[in-house]
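Listed below are the structures to be examined.
Next come two complexes built around chain A: one with chain B, the other with chain C.
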Partner chain A sequence: MKQKIGLNQKRNLFGWVFLAPAVILIVVMSFVPAINAFITSFKTGNGADLHFAGLTNYLRIFKDAVFIQSVKNCFFYLIIQVPVMLVLALILASMLNNRKLRFKGIMRTCIFLPCATSLVAYSIIFRSLFAADGFVNLVATKLHILSEPYNFLAHPTSAKIVIIIALVWRWTGYNMVFYLAGLQNIEYSVYEAAKIDGASPLQTFFKITVPLLKPTILITAIMSTNGTLQLFDESVNLTNGGPSNQSITMSHYIYNQAFQGVPKFGYTSAMSFVILFLVAILALVQMKVGDKRD
Partner chain B sequence: MTEKTKIAIQYIVLIFASLISVFPLVWMMIAATNRSVDVIAGKLTFGSRLFENYQNLIANQDIYRGFMNSVKYSVLQTVISILICSLAGYGFEVYHDKIKDGLMAVILMSMMIPFVALMIPLFRMFSGMGLLNSAVGFILPSLSTPFLIMLFRSAARSFPIDMIEAARIDGLSEFGIFFRMFIPTMRSTFAAALTVTFMNAWNNYIWPKVIMQDSKAQTLPMMISNLTSGYFTDYGALMLAVLITTLPTAILFLALQKNFAEGITGAVK
Partner chain C sequence: MKKKLLSIILAATMAATVLAGCGSSDSGNASGSGSAAADSSNGGATADTSNAGGSGDNTLTVWTWDPNFNIYSIREAEKIYQKENPDFKLEIVETPWEDMQTNLGTILGSGNLSQLPDILLMQDFAFQKYAITYPDMFTDLTASGIDFSTFGAGKVAESTVNGKNLGVPFDAGTEVACYRKDLLKDAGYTIDDLTDIDWDRFIEIGKDVKAKTGYSLFSTQAGSADFIMQLVQSAGGEIWKADGTPNFVGNDILIKSLETYKELFDTGVMATANDWDSYIATFTSGKTLGTINGCWIIASVQADENQSGLWGLTNMPKLTGVSSATNYSNQGGSTWVVTSNCKNVELASDFFAKTFAGSNELYDTILPGAGAISCWTPAAGSSVYSEPIAFFDGQAIYAEIADFGAKVPGFERGVYFTEANTALANVATNIVNGADIDAELKAAEDTVNFDMGN
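Our next item is the complex of A and B:
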């Protein structure tokens, strides 16, 4: 008996050896800098010359028109893109789960393929496709949908919509894979029983697929919300935040403030904590909403 | 609606989605082989200007160096990160107790910290340590990720405890069990982890943009982004650069696609 306890303790120690590198790295590379940023957010000054200034930075945020614009933009992307993408991914996944269809493998690969492109690469592809002399304008003018080429990226609303189209293109397949994985855990006989009972495809979708996939939908919603609030590559490479900061994202603005011109580390740290706060709040809300429907 | 029309609608939707998904990539590949003028004119057939586009591209950016940098950083990050996170995921599951479970919850919380919040303190820390423009500087912040630890923890959950006990009786050490039994059994999880980690490293943009200030240390995504910032409007060469950046991850993804889906399924369960 005594020996067994000794052995357990030895194993427990071994457990810590397995964990140590990962845990130490997360503490040093995430928690320490996060605390550091939190402290810096109460300081002002240029470059490394910083002194405490209380809530100055946080008060300044509310008067910063560009930052407020960037928050609005991120929420615009979030509110339109995330639901559209998740619903599309759900529909495509439930169709690909139909055993009667053929060529499912190749269609799944095609729809998932955009995920293999780098964020900078696809941003540049979409920027070229939607340019004033780009392919979309060419087709639209040839088909007489547009009388003359429209500079999508030079107008605030259309620039934002191009970003949303690009995001939906890049991420729908990614989320679809999660749903397909979730659907494989649902017994196919449930669907066959529903069909025998005369359920329509829409009823099956809302009464079986959506409720049973709820945990997966919740995970994908939280991941996409988090990702959308931190958008950077697309804002830099697709629209360059333009026209005149009308499509800029929070991360892009923070990057510009920190690394272009005189670095304002205190102010940018405060702005980054606003993002942290928003991500945390939205995750909590989504978890609450996710629980309610039980 | 008859059964046949239902099936037809599903085919139409799926084929349409497949075409939309593939078109921008096909367009990019075609553009990489054509003159810029032809790209603008909407030419949709492969051309013969691949070599000329390559010449124009390397005259503007040192793409070969960028490619080798990206390979170096990504391979290093993938190998080390998978080793560290698989050990941790296995450890959290196999040796779990109250303290370790609590610690896992704390680690998951770090997923909520946006990278922009860490970027500035990390930059100041790394420049103090002389890690700017270095591979170590590139990989350090992303070596240990909650997502990978979670992935390997769920994999370890399906690893039978009887097998571990039997191996212990046979005299295999704790690390021996991990390296000789866990890794070979969980091949699809490791393949999924490899795909995700390599793609994240290859595609990382904001962090190298912060620390790789020397043009000799730049990555491929940084270089194609540089191309668009000037007056460089050669669509053919630009799309060739995009193609070069996309190929490695696309090949990896297509090769490991099956394992990726299986590995992710394990994580979602």
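Our next item is the complex of A and C:
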């Protein structure tokens, strides 16, 4: 009896030894900074001279016109870009899942490739594509779609749309891979049966593919929402938040407040926790809506 | 067996990566002997590396950003100092200004000053911000033996806080206007037509040139208020009230500057670029026939050898109808800082005293080499200044810039300069799209007040 407990303990010990490196790294690299940031978010002051001030920072956020603007921008991106991207990814995935299609491997790679590019590099390329004397303007004027070059990045709406186009280009392939993986779990015989029963491709898509892919759609929706709310590189490198903060994202504004002007680490930490809160709520809503299993 | 071998290789790679990671972070901190003690997470193994890194007593670490300009200059200074001190060495880490801001924010915010280099270069517009927010990062150089009276008084004031000298002045950013003489000639104008004029006359010429040649006269970068600030400074204006709060609403010089900006934009005399690279491209590859900016822009103007001899240089136009208006302003400029982490302040002070604050030879090298306009008064007498520059068709541009520099009105940038600049950039963007100046200035003032916590 005594020896048996010893063996169990020994096993547990081994388990913990294997877990320990990862646990320690996660605690030290993620949890400790997060808790410190949470404490900092209750402090106020400039630079290193910080002192506790209760909820001042959190109350301040609601009076910050630029932060509110950045929240609006992020939700604009979210509401337009995430559905467009996920629908596109779903369509591409079900097209590429066709067994009769040739050169599938190459096409999959091509569609996935954008998400292997560096965030900064692709943002800069999109910036030069959409510059006043950039490629898009050149083509549009040569084809007489535009009478004179349009400075896309100097107008609020077009700047936001350019960011959305860039995001769709960068992330559609990434989500498509999730769907392709999900589609492998759907028996091909189901599709064959549907075909025999006379279902059109559209009916197959809505009645079979979408319902069976629901868990995958849910996880991609949560990940995309999360990613869009934390959008940073595109805002910094593509539009630099401009014109006049009309395309700035929350993370970009936080970065500006922390590192560009006089550093306000307490206030910026508080804003970061507001983002965390928003992401958590949205994920919760999506899980409640998307998960119909009892 | 194969798997075992593979896993051993994998483990070894990971271990090597971890060790290399620690090692490199320590070597970036060459001066920090004893820093390992402060950083407990590094563990015992890396303590040796850290001590080895800090062994060279005659080595100073420097953070600075431009290989063609300030890195080149301090390398030349190193060579001069090495003549007397052969074992002296600088370890220069190229750090773009944006990265420097992020690094400083992180290091100073965490309070772990041991990560600072011995010396770093700081933009003048940010100097007061760091001096007020993080006074601990500076070494007071007032009694270091560097003779600050040999520098221009206005420049020294930028790095002086409460009577303490916290930096060694490096370069000035005297405003210059450079134009392509060949293209001006096509439109029937010369450099003299653009010298000592006001913006009304400038716009008149600009419209004519644009109609005849299709070129704009100069360009600015969208999303930045640097040009507005240059206009305000040229007329001796202010953006802060005496109590330190923003002075935007009802500020006549600022309003006049914004109106001028809008008119320049509307008439197409001024082109705008979305980012820095396309800004440079506007005047190097033929969208505008000139540029108006701090004199360090000359390095970019001279980028294309084929344009040698085609350029001319003069002063900027002045604001129309403002009694205090001048044709002179300033953009940029930077100052060397000896940080509080410097373990050998004596060496650093002596290095500066014998180079940037005491060597005609250095300035005679870096002026033609990098176009670095000195703030060190004795260097202004150097014959190098009056030498003709072939790129500018034999014009002795450095003598002229030195002359402009002496006439630049003073300008209080303040601790919250970056916030004010961003807010005014938004004003500039909005008014060219048709917004009302007064309403925009009110909004900008509110934003800056908010950022200041008022």
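Here is the rule we go by: the second predicted complex is superposed on the first by the 286 of 294 C-alpha atoms of A that agree within 3 Å, B and C clash if a C-alpha of one lies under 4 Å from a C-alpha of the other, contacts with A are read in each partner's own complex, and residues count from 1 in each chain.
Just so we're on the same page, a residue touches a chain if its C-beta (ideal position, glycine included) is under 8 Å from a C-beta of that chain, and two chains touch if they have at least 3 such contacts.
From a predicted model like this one, the values you see are computed outputs, not experimental measurements.
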Contacts of A:Ala283 with chain B and chain C, given as first, second, both or neither: first
Residue contacts on chain A - larger count, chain B or chain C: B
First (chain B), second (chain C), both or neither touched by A:Asp49: second
Touching partner for A:Asn175 - first (chain B), second (chain C), both, neither: neither
Partner chain in contact with A:Val262 - chain B first, chain C second, else both or neither: second
Chain B versus chain C as contact partner of A:Lys63, first or second or both or neither: second
First, second, both or neither for A:Asn151, with chain B first and chain C second: second
Touching partner for A:Arg127 - first (chain B), second (chain C), both, neither: both
Chain C-contacting residues of chain A that also contact chain B: 48, 127-128, 133, 258-259, 265
Parts of chain B lying in touch with chain A, wherever the complex brings them together: 6-7, 10-11, 13-15, 17-22, 24-25, 27-28, 31, 40-42, 84-85, 87-88, 90-92, 94-97, 100, 103, 107, 110-122, 124-125, 140-141, 143-144, 146, 149, 174, 178, 199, 202-203, 205-206, 209-210, 220-222, 224-225, 228, 235, 238-239, 242, 245-246, 249-250, 252-254, 257, 260-261, 264-265, 268-269
Complex contacts: residues of chain C adjacent to chain A: 41, 101-102, 105, 108-109, 111, 129, 132-134, 136, 222-223, 272, 274-275, 278, 287, 415-416, 418-419, 422, 425-426, 429-430, 433, 446-447, 450-451, 453
Chain C-touching residues of chain A, taken from the complex the two chains share: 28, 44, 46-49, 63-66, 127-128, 131-133, 151, 153-154, 240-245, 256-263, 265
Contact set on chain A toward chain B in their complex: 11-12, 14-19, 21-23, 25-26, 29-34, 36-37, 40, 48, 88, 91-92, 95-96, 98, 100-101, 106-107, 109-122, 124-129, 133, 135, 138-139, 169, 172-173, 177-178, 180-182, 184-185, 201, 216, 219, 226, 229-230, 232-233, 236-237, 250-251, 254-255, 258-259, 265, 268-269, 271-273, 275-276, 279-280, 283
